[in-house]
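One structure, as C-alpha cells, below. Some questions next.
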C-alpha cells in the first residue's frame, strides 16, 4: 500500500569504497596468488553483481600462511604487551576512520542494510579492538596467574553473517595475548577481511602476525587440522563445529567453538508489550535473522498471545525491505543463493508439517536473494521449525501458560546460546534467567553486544567464551 | 579369645549409584589384587547399563544440587572431610594395599585427600566471584556474568592415584554444582568404592556422585557417546583411549578435559597429586551465563542524580 | 456529560476501578522505548520526501505565543504569519492554528477570520493548573466565547501524582463539557509526570475522558516534547483506536525547533500510529521558532541555496 509519506531513496554512496577487480591471499604481509592459481568470485547478494575475484586458498597456501605466522610468533609474543597494545589501538583508530568505507563494503558483500553495518557492525568492530588493546599489557591482572603465555599460531575460521565483526572477535584477543593469526573468512564474504589486511599494513603491523586466506571449507579444514596450529577458533554451523572437535581429538590444540542456536524469546503477560514487540523484531529480523543468537522461537504467554501477535504483524508490515545501501532499509538481502534455498526449504517443511505461515506484505526485488519476514503460528515443540536453526528471517511462535512451562520449553533444545525474557517483574527476570540453559540472556532487550560482555553457548551451541576478560582464556596457555 | 582364632569378615564391594549400593547389573565381578598380586577383594565389573543408570541418577540429582546454595554445597563437602577423618584408618589400609605404599606414606596420601575436600569445600561460594562479575558495557544496561555448572560430568579417575587423585578429580566437579559419574581406577577401585560409603553418610544427595568400577574403556565409551552427558574428564585415559573418547564426545559437543601432564606420568609408580590444585579443574566444568538488564534513567525527563 | 467509550465504561466507574485499569496497562521499558525512538530518528528523509514532510509540518504547527508580555500587536503579527508564513512563496501552506492565552483569543480570531487557521487557546489556569475547578471552567468558557476553536487544558498533576486519578478524569470531563464545539487538547506536562508509565496512564485518562488531542507539555518546564514521550503517546492513540474505533490526535509541544526534529516526529507518526495521523486534524506541533527553520529549509529545497534568518520573518 502506498503511503502518503513515501520515503525517497536515500542511498549511501558507493563511491566511498574502491573495490579492486581482484585480490590475492594476504600471507606474510604480502598479497599473493594461490599456489595453484585458483580464484573465485564474490557477488553482491542484493544484485548478484560480481564485486571482485579473490584467490582461493588451498592446502599449500594454508601451510605457507601457518609458517609465516609461526615465524612471526617469536618476535610478536616477545614484544612488551604495551607495544602490542599500541598496534591494536592503531588498528582500532584506523577502523574508526575508515568505518564508512568498511560499512559500505560490508553491506555490498554481505547484503545486510547499511543501517546495521553503520550503527552496529562497525562501531562494535572498533570497540572490540579498543577493548582488547588495553588488555595486552595487563594480562598479569586478568586472573590467569602471573605472566600467562600465548599459545602460538591461531587458526581462525569465521562465518559470513558478521564478517568484520567476527574477524574482530577472533583477531583482537589473539593479538592482544601475543598469538599470531591465520584467518579464513567465509567464501561469500571475503572482502572486508582483505580490507582489514590493508588496515594492518597502515598500522605497520609486523609481517606474518595476521594472515588472511580467502577460500572455501577445504581451506578451513586444512587450517584447523594443520599440525602447527596451536589454537582453533571457529564460528559457524554446529555440524562443522563437531567435525572440528573430532579433528582436534588427541592433539594439544585449544579450541573454542561458537555454533548454532535456537534462542527462545519469552514474553510474559506482564511484559512491556510495545518494547517486547520491538525486541521480538530485533531478535529475529536483525541481519535477516542470520544470527546464531537470534530469538528464533517466540514463547508467548497464552493470555497475551493474540495481542502480541496482532502488534507483531502490524509492526512487521512497516519493515522496509530492499536496497541494503538505502539508509532506510530495515531488511536486506539473504547472503547467498544457498542460504536462501535452505531457508525456503525449511519454511516449506514448516508449512508441510501444518504450521501456519504469515509473511509480511512486501515486494521482493527481482534480482538478488530475498526472503520476506515470516512467522509461523500454531507451532509446537515437535515441529521442525521449532527445533532446527533456520538462520533466516523466520520466527516460530509457541505459547505457554506458566513460567515453569516457559522455561521447560525454552531449554528443550540441543542448543543453548541465547534467550530473552520480557516481564516487568524484576524477580521473575532473575528466577527465569537463572533456570535458562543459555550463555547469553537478554532481559527486556535483545541482540545487544559489547566487547566487555562474554558471549558463547551451552550444550551444542559450542564452548568457550568470546569477549570480556573471559575471552582472553581461549588464547592463553592456562 | 585371640585374633588368630577369629575369621575376618570380608567386605562385599558394591557400586554407588543414585545414593544406593547396587551390584553390577552384569552380575560380574573381577579380582582386585594388591601391588604384589595378592587377592584383596572382588569388585563389581560394571556394564554399559550400569553406566546408563548412573547417568540417569546424575541427571536426576543435577537440578537439586546445582540449585543448592553455594554455602550449602560447601558444608556438604566439608562434611565429607569430617567423615573421612573418622574412617581414616580404613582408607590408609586400602590405599597402602592398592598403591603398594608404606603405612606412613599411605597416611600422608589420605591426609592429602581429606585436605583436598576442605580446599574445595571452601571454593563453592568463591568461584562465582572469581569467574564471574559485572561487565561495564557501553550502554544503559547492567551486565552480569555468572558461572554455572555444565551438568552431568563423566570422570575417568586417575589409574594410579586411587584416592588422592580420585578425590582431586571428583571434588572440583561437584563443588560447582555438577553431578558426576566416576569410573574408578580399574586396578585399584577399592578406595573409590569405599568413598561411596562415606559420601552416602555425608549429606551428599544421592546421585550427585556415582561410582563405577570395571574396565575403563568399556565404561568410558558409552559415557563419551551419551547424549545426556555434558562433559568428560579424561584424566584416567591413556593417549589412545583419550583420543577415541574425545572424538565420541564431539557428537553432542561435550566439554572435554584432556589428560593433564600430572596424570600421565607413566614412569612414576605414584603420580604426584600433592601440589596445590589451582582453579583449573573447577572452571573446566563451568559455563558462563551473561545476563543483560536495562537500567536507563529514573524518569522520562532524565535525572541529575 | 460525554460518556466514556463503551469498551471501557467499567474503567471509570470508581476511583479504584480506574486505578486498577491504569495499573493493568502494560508497563513501559524506558531503555527500549528510547532506543526505538532513536532508531526511527535515523531515518533519512530526502528530496521529495523531505519536501512533503516540510509542508506537512508547517500545516501542523500551532503557532504559539504564551508570554506575559503578549500584546494584541504581537498576536496580530503572529496570526498574519500563520496565514502567510512565507511572503516570498505563496505556495507555502498555512499553519494549523495560532495558540494564545484566553485574553488574546478575540484578537487572534478577528485576524484569522475566514483564513482557515484555527484559534487555539490555553486555558484551565495554564500552565500550572493550580486553581479551583470553577475558575478553570470559567477560563475555558471565556476562551470559547471569544471564538476559540480549540482549547488546550492542563491536567491536575498534583492530583495525578498523589494517585487521585478519578479527579483528573472528572476534571477533563467537566472541561470537555464546557468546550462545546471546540476541540479539546489535554496537556499532561510529561516532564512533571516524570515516568513513562505515568505518561501512558495519563494518556489513557485523557482518552477515556473524551480528549480530542493528547498533548505532551506546556513548554514551560525543563523537559517538554521528546521523541520518546511522543512515541509513547502515539502508541496510546493507536491502541485506543484499535480498541474503540475512536481516533484521537497527538500534539508534542515545546522544544521542537528544527526541521530535522520535526521530520523525526513525522517519521514517528508514520511508523507508529500510521498515515491516518499524518494530517493537521490529528497531529500538531506546539511551536514557535520551528516555523522559521522549516521555511528556510523549504527555500533551500526550492532554490538549492541555503537560506538565512533575514529571509524569513521575525514574529
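Letters A, B and C mark the chains in the order given here, with residues in each chain numbered from 1 onward.
In the analysis below, contacts are C-beta pairs under 8 Å (C-beta built on N, C-alpha and C of every residue); 3 or more make two chains touch, one makes a residue touch a chain.
Keep in mind that what you see is a predicted model, and the values were worked out from it rather than measured.
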Report which interface contains more C-beta contacts, comparing A-C against B-C.
-> A-C
Among all other chains, pick the one whose mean CA position is farthest from the mean CA position of chain C.
-> B
In whole angstrom, how far does the Cα centroid of chain A sit from the Cα centroid of chain B?
-> 36
Can you give the whole-Å distance between the Cα centres of chain A and chain C?
-> 44
Mind checking the centre-to-centre distance between chain B and chain C? Centres are C-alpha means, answer in whole Å.
-> 68
Could you check chain C for residues that touch two or more other chains and list them?
-> 29, 31-32
Two or more partner chains touched - positions in chain B | 141, 294
Give me the residues of chain A that touch two or more other chains.
-> 444-445
Please name which positions on chain C make contact with chain B in the complex.
-> 29-32, 34, 190-191, 193-196, 198-199, 222-223, 226, 228-229
Chain A residues touching chain B in their complex are 127, 143, 238, 241-243, 245-246, 248-250, 252, 257, 259, 414, 429, 433, 436, 438-445, 448, 450, 452-456, 458-460, 462-463, 465, 468, 470, 478
Contact set on chain B toward chain C in their complex = 140-141, 294-302
Residues of chain A defined as touching chain C within the complex | 3-10, 115, 119, 270-275, 278-279, 310, 318, 327-328, 424, 444-445
Chain C - residues contacting chain A, complex = 26-29, 31-33, 35-36, 42-50, 52-53, 56, 235, 242, 266-267, 270-271, 275, 278
